[in-house]
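These are the structures in question, set out in turn.
What follows is chain A paired twice: with chain B in the first complex and chain C in the second.
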Partner chain A sequence: MSAKRIMFVLRNGKTAGPSTDERIEVAMMAQAFDQEVHLAYLDDGVFTLAAGPDDLAALLAKIEESDISHIWVEQQSLAERGLADLVLPDLFAVLDRHQIIELMGQMHMVIPG
Partner chain B sequence: MNKPLPALHIVNKSPFAASSLEQCLQRLAVGDSLLLIEDAVYAAITEEIWDGLRTQPNKPARILALSPDLCQRGLADKSLAEGIEQVDYAGFVELVTTHNPIHSW
Partner chain C sequence: MHWRPPDDRTVRHAQYKETALKFALLVLKAPFQHQASASALAFARASLDQGHQLVRVFFYEEGVQNANRLAAPSAPDTNLVHLWSNLASEQGVDLVVCASAGLRRGLREANLAPGFRISGLGQLIEATIIADRLVTFGG
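Then we have the complex of A and B:
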């Protein structure tokens, strides 16, 4: 069976419930089963990347352990929230909204979070 | 990577209570369809919400509202905003089979 392209869309802030962490756990599982996993940080989801260096380091360690390598952060979501200057690890690629839309269209599954 | 089918975007929150619909509309690709269910059907009777969208190049190929959810909210006899279609559960299933990916907002 060939790998499915699965995008987990993370649109909620850190305090909007457990869903972002849970989605990442599910994404890690999918990656462990050799699926092509994409994480997309949109809307308030970008706030989870600005929660502080400790949180970001913990997230990065988790992601690196899982080998997820497609991690996208929408530039407009950052800019709309005053986070345009946020410094992110190299693993996180900042993309334009149109690039995110194009990527979404190439997925086999899009899972909201 | 080929894209054999357009995406179906499903929104279930009222546009007056959450920004999901607005955020979805910002991220439509040409040819995608939009289905309004649950409290999102309130958007279907509100013409102003769609005014800006009609001139955009990425406007959805189809905008649909789930008729049982319109009925449950006493909106069955209301006229829908221009271009919005009603769809029943069977139509919902057909949409799911003719679109990919399915994106719930």
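Then we have the complex of A and C:
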């Protein structure tokens, strides 16, 4: 059976409770099942990426360990929250809102956050 | 004998059979927190009524509260925990609660409602692979 393209959308910051971490866990599990996993940071989800170097390093370690390589961050979400100048690791690609929508259209499944 | 149009229900049933889908449902909100759980239950019943297959209902994040048998809402007819249990006993639907999300929120075998079972995230991914559609409630 061919792999499905699954996008996990992260729309909440760390203060929203354990759901952000749980979303990463399920994405890692999907990757372990050889599915094509995409992570999309939208809305308040981008605050996760600005939480501090330790948090970002821990997140990066998890992502690298699981081999998830499609990670998208919405440009407008960053700008609307004063994070337009946030420096992100190379693994994270910043995309325009329309590009994210286009990408969602190419997925077999989108799991909203 | 005069020709007459086929019964609407017959036509619809035939269409359902031809287009029957395998659904998996993901419930992310608690039963008395959000509309998501009630909508998921209604969707589950409607999809089965129309001849579709329900591969699994997976409860994750706050959705694990749907399996807490200690929940005691004042109006029994809105007790979604019981309604989910009824769906499992009547239709044999597989109701799976994420073990780690459940532990974080105090859900154990001891307070698990009938018809639910506790398992790992692999069950969700397996359902998404098998199913034609994954429908998320409460995302």
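Note that the second predicted complex is superposed on the first by the 113 of 113 C-alpha atoms of A that agree within 3 Å, B and C clash if a C-alpha of one lies under 4 Å from a C-alpha of the other, contacts with A are read in each partner's own complex, and residues count from 1 in each chain.
Everything below uses one rule, namely that contacts are C-beta pairs under 8 Å (C-beta built on N, C-alpha and C of every residue); 3 or more make two chains touch, one makes a residue touch a chain.
Note that the coordinates shown come from a computational prediction; the quantities given were computed from them, not determined experimentally.
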**Prompt:** First (chain B), second (chain C), both or neither: which does A:Val46 touch?
**Reply:** neither
*asked:* Let me test your reading of the model: by the given contact rule, A:Val9 touches which partner, first (chain B), second (chain C), both or neither?
replied: both
**Asked** Of the two partner chains, chain B (first) and chain C (second), which one does A:Ile63 touch, if any: first, second, both, or neither?
**Response** neither
Worksheet item: With the two structures laid over each other on chain A, which partner does A:Glu102 touch: chain B (first), chain C (second), both, or neither?
Response: first
Requested in this report: In the overlay, answer first, second, both or neither for which of chain B and chain C A:Leu88 touches.
Outcome: neither
- Message: A:Pro112 in the overlay: touching chain B, chain C, both, or neither? Say first, second, both or neither.
- Response: both
Between chain B and chain C, whom does A:Val73 touch in the aligned arrangement: first, second, both, or neither?
neither
Both partners, chain B and chain C, contact chain A at residues 9, 109, 112
Within the complex, chain A is touched by chain B residues 1, 3, 6-7, 19, 23, 26-29, 32, 58, 100-105
The answer for chain C against chain A in the complex is residues 26, 28, 60-62, 100-101, 104, 121-122, 124-126, 128-129, 133-134, 136, 139
Chain B partner, complex, touching residues on chain A are 5, 7, 9, 11, 42-43, 76, 97, 100-102, 104-110, 112
Residue set of chain A touching chain C in the complex reads 1, 4, 6, 9, 18-19, 22, 25-26, 29-30, 32-33, 35, 109, 111-113
